[in-house]
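Have a look at these structures, which come just after this line.
Across the two complexes that follow, subunit A remains constant while its partner is subunit B and subsequently subunit C.
Now for the complex of A and B:
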């Protein structure tokens, strides 16, 4: 399935909070903490709303004055980073709807 | 930006980041040196008030939430409050004596609250000593069983011990025990008076020789702690509510000595609000004002915030050893009436750390 139509999920043990124009992400299992810039944390906030990647990009396009192709590239690269380090995963939106 | 620099920022800009809530002073143990004021007067906060408080704290951008007591699990709404805190995204720390955390409750705690860490009190390496301090027979054996089960469940645990005249001979054994359990142990040499000023607990303060041995052990176990330069704060251990007032920012560049009243608060069971769990200067009460009103108004917090740089200046004037000696303005105020006054326990630590720093060079 096209990655844009997949849902982005944070790992269960991850906790996070916005602190003004930054974000804090805590990986409880590893006792690690990450400080994120505004855009990175906004992606986390949108992920919590159970959005597809396409919906996350669309929301960010409304909020930031950035060309769509640049934004899409940046967001996809960041999502790759999140999934590669195991903080988040992409799932099939259809199977979520079916309770899979 | 590193986490240390972010903590600096929340101190500097007065962003509430950490909160410690004493849910109840009820407890299933009866520790000799318990600091709680058991004669505290007032109407306890009810469950809805706690829910409203958590909603406000999330809005205020608080991340670290510590549920403490007494024994927090003894509060009838503990699990509902803890689950709500998890739902709102707080990093929850639970301070417990571990006595009630048998199989069923431990499983429930993990499932419903999923704390970042459970801080559990250890009073000795042997049953006789531990039970002497808790004044409950069998508490040591029960704790050991509970710790083993929780470790098997993969729960994130930390042991906290207060060094006392009664357990100081078992100090090394306590570290050995913690290592065998594969649980980190933090040992504090400071026995404080009770929050109402009762000095009874200080009768079992550890000897100066034991405090020195403790610092020797710490230096052996974490030698970088006593080297002149700080290690990078990137990926620093996450501080908890109440304790990030003592540690967490980049000490070299922070403008304040600690985050008490600048990034952290403590709340007792009847809603009194303090700069820190150790600094019992009442700032307000949640029956009369919301936490947002209290935090955002210029009232009682202003003098505390203004003291931050002055305390830092005073501590820096004591030399490099003071950076490691954990001067606490709350304890200073309790013992001497002034948060700027060096109190005996701090002076003793200062002397010991000064010697260790000389040895390390």
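Now for the complex of A and C:
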């Protein structure tokens, strides 16, 4: 399935908070903390709303004055980083709807 | 997944459901720690003696100020057969916690404990130890955790941090084990500063001012004597070992992160993460925060004295 149509989920033990123009992710299982820039933290906020990657990019496109292809590249790279370190995962949106 | 407490308890189903049991004795005492009065009851004579010796600077017989909140700790008997005799991985200070919304279960070497009744925790501790180092370690392991939770509920934090008084203000050196807390403490003491602790300190906000409160939990260095109840904080310093001295500003988010990482016990409690972030955010905004890169000599003191001398506003 196209990655853009997949849902981005944060791991259950991840907590987050905006602090001024940055964000903080707390990974409770490891008692580790990540500091995120504004765009990265906005992706986290949108992920909490159970959005697809495409929907996240669309929302960010309205908020940031960045060309879509650049934005898409940045978002995909960041999502790859999150999934590679196990903080988030992508799931099939249709299987979610079917309760799979 | 391992069941909670199985490293320490022979039968995890025996974990007490509520704070009750048979006390070891009728002795009691009060520990005055970081602005709270902990009333420890149910002690045998030898147990009370152990706590008195260990916490000699903060122990009282009577509650002198009835207006102050008392946090009760009740000590109960447990059978030695309830506990495993082989401490896991040779770490006698290791303990396990199972946080829930209204309580926290704790299992450690030769003890169980239940922190109950948030936001004002009361604690029950069941132990088979009656004297000496074994009881001291069991009690202190439980007590550190309880102080951490109590501070969290008060909007404060217990931190793995060194605290050094320079002038009339405290510098808080934040870092995990091995980051250099004892080293900077020793070098600061050699430079004429007073070391409140090289291992743990409490931070709180008081009338809009960030303050450091000494704790009776130390690492390698003995604490200074004649300490005040609290000291205004002039800087939060995240430690970074290097081969030169450098001070670089930390954003508030990074400072908050440093505080969370170094807030033991409570930083892996999913039920209290929001409270932890809220406290850390407020405390991080109370003083300037930096990363201190330091070499193993006292040169960083001169750097701090130069850079931190100017007044700071949030």
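Throughout what follows, the second predicted complex is superposed on the first by the 100 of 100 C-alpha atoms of A that agree within 3 Å, B and C clash if a C-alpha of one lies under 4 Å from a C-alpha of the other, contacts with A are read in each partner's own complex, and residues count from 1 in each chain.
Note that in this section a contact is a pair of C-beta atoms (placed from the backbone, for glycine too) under 8 Å apart; a residue touches a chain by one contact, two chains touch by 3 or more.
If you're wondering where the values come from, they're calculated on a predicted model, not measured in any experiment.
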Superposed partners subunit B and subunit C on subunit A - clash or fit: clash
Partner chain in contact with A:31 - subunit B first, subunit C second, else both or neither: both
Which superposed partner A:85 touches (first subunit B, second subunit C, both, neither): neither
Partner chain(s) touched by A:20 [first = subunit B, second = subunit C, both, neither]: both
Contacts on subunit A seen with subunit B and repeated with subunit C across the two complexes: 13, 15, 17, 19-20, 22, 24, 26, 28-29, 31-33, 35
Touching residues (chain side subunit A, partner subunit B) in the complex: 12-13, 15-20, 22, 24, 26, 28-29, 31-33, 35
Of subunit B, residues touching subunit A in the complex: 1-3, 5-6, 9-10, 13, 15, 17, 58, 61-63, 89-91, 114, 116, 156, 235-238
In the complex, subunit C residues that touch subunit A: 251-254, 256-258, 260-261, 267-270, 273-274, 276-277, 281, 284
Subunit C contact footprint on subunit A (complex, rising order): 13, 15, 17, 19-20, 22-24, 26, 28-29, 31-36
